[in-house]
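Scrolling down, you'll hit the structures one after another.
Both complexes shown next keep chain A, but they swap its partner, so chain B is in the first and chain C is in the second.
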Partner chain A sequence: MISDFLKRATNSTNNGRLTVQQIVIICVLSLAVLLSPLYVSNYRLNLIIAILTSAYFAQCWNLMSGYTGQFSFGHAAFYGLGAYTSSILFVDLGINPWIGLVLGMIVAGLVAAGIGYLSFHYNLKGDYFALATMAFCEILRVLFKNTKALHASSGVSIPYSKSIALMQFGSKQGFLYAAFVMLAAITFALYKIRRTKMGLYFVAIRENEDAARALGINAFKYKMIALIASAMLSAIGGSFYAQYYLYIDPTIAFSNTVSVSAITPCIIGGAGTVFGPIIGAMILEPISEITNAALSNYIGMNMVVYGLILVIVIMVMPKGVIGLTKELVNKYDKKKAEE
Partner chain B sequence: MNAFFQASIDGILMGGVYALAALGISLIFGVMRITNFAHGALITVGMYVTFELCILIGITPYIALPIVMIIMFIIGFLIQKIFLNPLMGVAGYNQLLLTQGLAIVIENLILVIFSANYKSVTIPGFDSAISLGALTINKPKLVAFIFVAAISIGIYILLEKTDLGRAIRATSVQPEGATLMGIEVPKINQIAFGLGIICAGVAGALLTPTQYIYPTSGNSYSLKCFVIAVFGGLGNIWGAIVAGLIIGVVESFSSLYMGGSWSELVVYLIFIMTLIIKPTGLLGKKG
Partner chain C sequence: MKKRRLLSIAMSGLLTILAVTGCGSTNSSTASALGGGSVIKIGSVHPLTGSYAYEAQAIVNAQQLAIDEINAAGGIASMGGAKLELEVGDSQAGADTGASETERLISEGCSIITGTFQSGVTLTCMQKAEQNQVPFLVTVSNNVAMFENGFEYCFRIQPNADVFAHDFIEYITEIKTDDIKTAVLIHEDSLTGTDSGDIIAENMGSTGIELLDRITYSASTATLSTEVTKIADLKPDLLITIGYFADTSLLVKELNERGVELKMVCGVANGGISDTKFIEDFGDTVENYLDLNYRFNPNSEKTEELLTSYKEKYGDDMSVHAVWGYESIYVIADALERAGSSDSEALKKALHETNIEDHVLAQAGPITFDEKGENVNAAGVLVQIQNGKHVVVYPREFAEAELIVGE
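On to the complex of A and B.
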C-alpha cells in the first residue's frame, strides 16, 4: 500500500502527466502553506517563508544545473545583482522596487549572457565551468565592495514601509503568499518545460552533450537560454530577499554561502527533478532551524549539521530523496515478485 | 624604483606560499581528478594545529612543522579513505560537492571549538625585518619561502625518484592500468590526498607568524589557489610553482599601483583569461 503510493508519487513517466497521488500531495502541501497563518505563530511563519524562498532559489539553480547539467557554483552573482539593482535604484533614485525588480532581471540576464558567452563559446565544462562561475561571482563581490557609487562595503539599507506598491507585503503573511506564488509559478514552469522540446534538449545536453550536438541540437544556444533564464529568475529571488530583510551588503549578496544554498536543497531532494528542490528545502530548513535553536550555545554547530547533511546525502543517496525512494520501492517490488 | 623592488620581493615571498598550497590542489586533481573545495578550510586547520602546538608545547611554528605535516597527512589520508574513495569513478559533481560539504563542516567545527576570536603566533627574534639598503625583507616570510622551496623539492623527489612516486604517477595516468600492474589504487589515492593536504597544512603553518588566525582565515586563499593551480595547469606541479610566484608578484604590483582591494580583481581576471585562452594552463599540454 505504502510502496504503491510512493511508487506513484515518485513516478515521472506517466505520459508527462501528474499521477493522482502527486496531485493529492501538491494540494495538501499548498493548502498547508496557504492556511498556515491560521494555525502557525507569526514567528514560525519565518520558517515557512524560508522554506519557500530557499526552494525557489534552488529551482532557479535546478533549471540550469539540474536540467541542463551546467554546474554553477556562483549563483549568488545573479541573486546579488537582483537584490542590488532594486535596492540601489529605490534608495538612491526613488525608482519603484517593482520596476527595479524587472531591471534587476535584465541586469542579471545581461551579465549571465556575458558569462555564458565566454564560458560556452570557449567550451568550459565540468569543474572548469564551476570554478569560472565562482570567479565571476567573486569579481562582482570585489566590484561592489570597492565602488562608492554602489555603497561599497557599507551596503544598502532599505526603508521599511507597508505598501505593496513598494514591494513590501505589509505583513509576514503578505511575504508568505508572495513567496508561495513565486515558488508555484517557477515549479509549474519547470514542470511544463520538462515536457517541451526545449526541455528534452536541456536533458539531452546534460546526459551527453556530444551526442546531442551530433543530433543537430544547438547546444550553445540552449545552454545560453538555460543560464539566462536561471539568472533572471534568481534575480527575482534576490530582490525579494532585499525587500524582506531590508538590508544587503556585498559579503551577504555575493557570498559563497548563498551560492551553496542554491545547490544544497536541489541535491538533497534530487537534482533535475521537478519537486526535488521543494523536498530538499522542506528537509533542510526545519533541520537548520531546530539545530539552530537546540545548539544556540555552540555558534557554528548548525552549519556543521548543514554540511554533514550534504556530505551524508552525497555518500548515501547521490540521487537525492526522490532517487532513493524510487530505488527502495523498486527493490521492495522485486522482493515481493520473488516471493 | 625602491617601491618596485620592494613589491617584487614581497610578491615572490608571498607567491611561494601560494605556490605550495596550489601544488596540493594540483597534485590532488592530477591523481584523482578531484577539485578539492576543502583546501582553504584545511589551510585553516594547518594554522590552528600550529597555533595549538605552539601554545601547548611552547615551540615555534618552524619546529612544529614536522608534527603539523604528520597530522595533516593523517587528516588527508582519512578524508580520502572515508569520504572520497567510495565516490571514485562516480560520475558528475559528487566529489566537488562532497569537498564543499566537508569545507562547511571543518570551518564551522573550528568555530565551535576555538570560537571566532582572532589568534596570533609570535616568534621571538622573528618579528623584525632584515634591511638591505632601502629594502626590507620580512623574516618569517623569507623563512617560509625557504621551507616552501625545500618541501617542493622534497615532493618532486618523492614523485620522480621513488617507487611510491612512480605508483602515484602511474595512477594519475591510468588508474585501471595501475590496478592491473598490482598497484593498490585506493591506497595510492589516500597517500596522494594526504600529500596534497600536507601542502595545504604547511602553507597554513607558514602563514601563522604573519597573519591572524580565525575560523575562515584560510578561505581567502582557497579560490586564489585554484586560480594558481589552473593557471599553471591542473595536475602540473612545476606549473603550480611558477604560477604561484607569478600570481604573488602580480598581486603585489596591482596592490602597489591600484590599491589592495583591487588586486583580487586582477587575479580573478587572469583566471578567467586562462580558462578562455588556454584552460590547460601555462605549462599544460596543448588544449
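On to the complex of A and C.
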C-alpha cells in the first residue's frame, strides 16, 4: 500500500503527466502553505517563507545545473545583481522596485550572457566552468565593494514601507503568498519544459554533450538559454531578498554562502528532478531553524548537528530523497516478486 | 546490511534532534508563560560561531555578568524586583540568520534586542526590530549610515566611525611632533575600514601631515606583501591602519620582516592593536604603537572592580568590546527602572530620556541619546602599548601614562 503510493508518487515516466498521488501531495502541501497564516505564528511564517524562497532559488539553479548539467558555483552573482539593481534604483533614483525587478532581470541576463559566451565559447566544462562562475561572482563582489556609485562597502538600506506598490506587502502573509507564487510558477515551468524539445535537449547535453552535438543539437545555444533564463529568475529571488530583509551589502549579496544555498536543496532533494529542490528545502530549512533555536544555549552545536545531518543524508542518499525513495520501492518490489 | 546500519544511524540522529527540540520548545513556553511580571528577557544576537566567535563570546559573557550583578542587587525595583534574563541568538556572522534570530527572540518575548558586532548584520537586525516595534540597542557596530534611516527604536552607545575619525584627526594634530611630516593610510575595504578611512583621507590636510597614499585591502587576504612594499618605498613617518585582528597581525608581521622603519604607527578602532593577544604575539616590536579606540575609563574604581570580577568569573581579561556588552545591560536596566514596564513603547521612551552619569566608559559626560538614537558624548581615546601593556595616553583626563613619541 505505502510502497505503491510511494512508487506512484516518485513516478516520472507517466508520459510526462502527474500521477494522482503526485497531484494529491501537491494539493495538500499547497493548501498547507496557503492556509498557514491561520495556524502558524507570525514568527514561524519566517520558516515557511525561508523554505519557499530557498526552494525557489534552488529551482533556478536546477534549471541550469540540474537539467543541463552545467554546475554553477557562483549563482550569487545573479542573485546579487537582482538585489542590487532594484535596491539602488529605488533608493537613489526613486524607481519603483517592481520596475527595478524587471531591470534587474535584464542586467542579470546580460551578465549571464557575457559569462556564458566566454565560458562556453572557450569550451569550459565541468569543474572548470564551476570555478569560472565562482570567479565571476568574486569579481562582482570586489567591483561592488569598491565602486562609490554602487554604495561601495556601505551597502544599500531600503526604507520600510507597507505598500504593495513598493513590493513590500505590509505583512508576513504578503511575502508568503508572493514567495509561493514565485515557487509555483517556476516549478510549473520546469515541469512543462521537461517534456518539450528544449527540455530533452537540456537532458541530452547533461548526459553526454558530445553525443548530443553529434546528433545535431546546438549545445552552445541551449546552454546559453539555460544559463540566461536561470540568471534572470535568480535575479527575482535577489530582489525579493532585498525587499524582505531591507538591507544588502556586497558581502551579503555576493557571498559564497548564497551560491551554496542554491545548490544544497537540489543535492539533498535530487538534482535534475522537478520536485527535488522543494523536498530538499523542506528538509534543510527546518533542520537549520530547529537546531538554531533548540541549541541556542550550546554555542556552535547547531552547526555541528546541521553538518552531521547533512553528512548522513548525503551518505545514505547520494541521489537525493527522490532517488532513494525510488530505489527502496524497487527493492521492495523485487523482494515481493521473489516471494 | 550496511545500508540498514546507516539508516539506523540516521534515524537515531533524527530522534535525538526531535527529543532535544521537544525540550527546547517546552522550555520557552513555560518561560513566556511567566510573562513580564517576574522575568524580563533581553535578546542578544552575536556571531557566536565563525571568525568573530571569540569577540562575540566576550560580549555575551559581559552581558551575563551585568545581568547577574543587577539580579543579585534585587532586580528592577520599580517592577517589583523583576529579574533580567539573557536570551542568546547566534547570527553565524550572516545577515539573514541574524534577522531570523532577532525575530525568534522577539517571538519568545524579549523586550529588547542587543547586538551584533558586524555592521551589515546589525543593520538587517535593526530593520526587523523596527518593523516589530521592539527597541534595539547596538552593542558593537560603528557604521555611520545605519542611524541615518530615521529609525525610532534603535540606540547606540559606542562612538561611530565618524566620531573615531574626527577624534583621530583632532588628537593627532595635538600630539604630533615636528618630525612627523608624512603619512600613509592603510585600511581593509569593508564597511568598518572604509567609513573611517574616507573621513581621515578627506581631513588629513588640516593636521599639517601630508598624506602620501591611501592603500586598501580585503580583510580576508592571505598576504599584504605588495602593500608593505609600497609602504617601504614611500617611507612615511606615520602609518595609519584600520583593520581587524588577523589582517593587522599580517601587516605588522610583514612590516617587521622587511624592517620598515616608522616613527609612529597609529590604528583607528583597530581590532589588532587594541587586543592583548596582539602584544603577546609581537612583544617588543609593537612597543609604542598607538590606537584610537573606544575604551573603559581606566581611572575609575568601577572599572577596576569590573575588570577583576570579569577575570574571576571567566578567567580571561575583559576585552574592550566586552565593555559595551556590559554597559548596554546597565543602560537597559536603567530605562526599565524609569519606565516601570517592559512594554516596548514605554521602554523606547525611557531609553530616549536616558541620562547615566555613573558609567565605565572613557567619555566626558553622561550617556544620553540624541533624536537619532546615538550617544551624544561618545568619544574615542588614544591607547598606547607601553611595556607590554595598553595604557590610555590621551586625552589627559583619561590618561594613565605620558605619551611616548619618536625615538
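Note that in this section the second predicted complex is superposed on the first by the 321 of 339 C-alpha atoms of A that agree within 3 Å, B and C clash if a C-alpha of one lies under 4 Å from a C-alpha of the other, contacts with A are read in each partner's own complex, and residues count from 1 in each chain.
To be clear about the criterion, contacts are C-beta pairs under 8 Å (C-beta built on N, C-alpha and C of every residue); 3 or more make two chains touch, one makes a residue touch a chain.
Just so we're clear, the structure is a prediction, and the values are computed from it rather than from any experiment.
Touch criterion met: A:Tyr247 reaches chain C, while chain B stays clear of it. Shared-chain residue A:Leu310: touches chain B; no touch with chain C. Once the two complexes are laid over each other on the shared chain, residue contacts for A:Ala135 go to chain B alone; chain C is not touched. Once the two complexes are laid over each other on the shared chain, residue contacts for A:Thr291 go to chain C alone; chain B is not touched. By the touch criterion defined above, A:Leu63 reaches neither chain B nor chain C. In the superposition on chain A, A:Ala235 contacts neither chain B nor chain C. Judged by the touch definition given at the top, the superposed model places A:Pro159 against chain C, while chain B stays out of reach.
Using the contact criterion defined above for the overlaid structures, shared-chain residue A:Val33 touches neither chain B nor chain C, since it reaches no partner.
In the overlay built on the shared chain, the residue A:Pro318 is in contact with chain B alone; chain C does not reach it. Chain A residues in contact with chain B (one complex) as well as with chain C (other complex) are 142, 145-146, 299-300, 303, 308, 315. If you check the complex, the residues on chain B that touch chain A are 35, 83, 86-87, 90, 92-94, 96-98, 100-105, 107-112, 115-116, 215, 219, 223, 226-227, 230, 261-262, 264-265, 268-269, 271-272, 275-276, 279. Across the interface of their complex, chain C is touched by residues 41-44, 46, 50, 142, 145-146, 152-155, 157, 159-160, 241, 245-247, 249, 251-252, 257, 287, 289-297, 299-300, 302-303, 305, 308-309, 312-313, 315-316 of chain A. Listing the residues of chain A that touch chain B in their complex gives 71, 73, 118-119, 122, 124, 126-128, 130-132, 134-136, 138-139, 142-143, 145-146, 256, 260, 263, 267, 298-301, 303-304, 306-308, 310-311, 314-315, 318. Residues 3, 6-7, 9-10, 13-14, 17, 20-21, 23-25, 48-49, 53, 57, 87-90, 92, 94-97, 99-101, 103-104, 106-107, 120, 123-124, 127-128, 130-131, 143, 145-146, 149-150, 189-191, 193-195, 216, 218 of chain C are the ones that touch chain A when the two sit in their complex.
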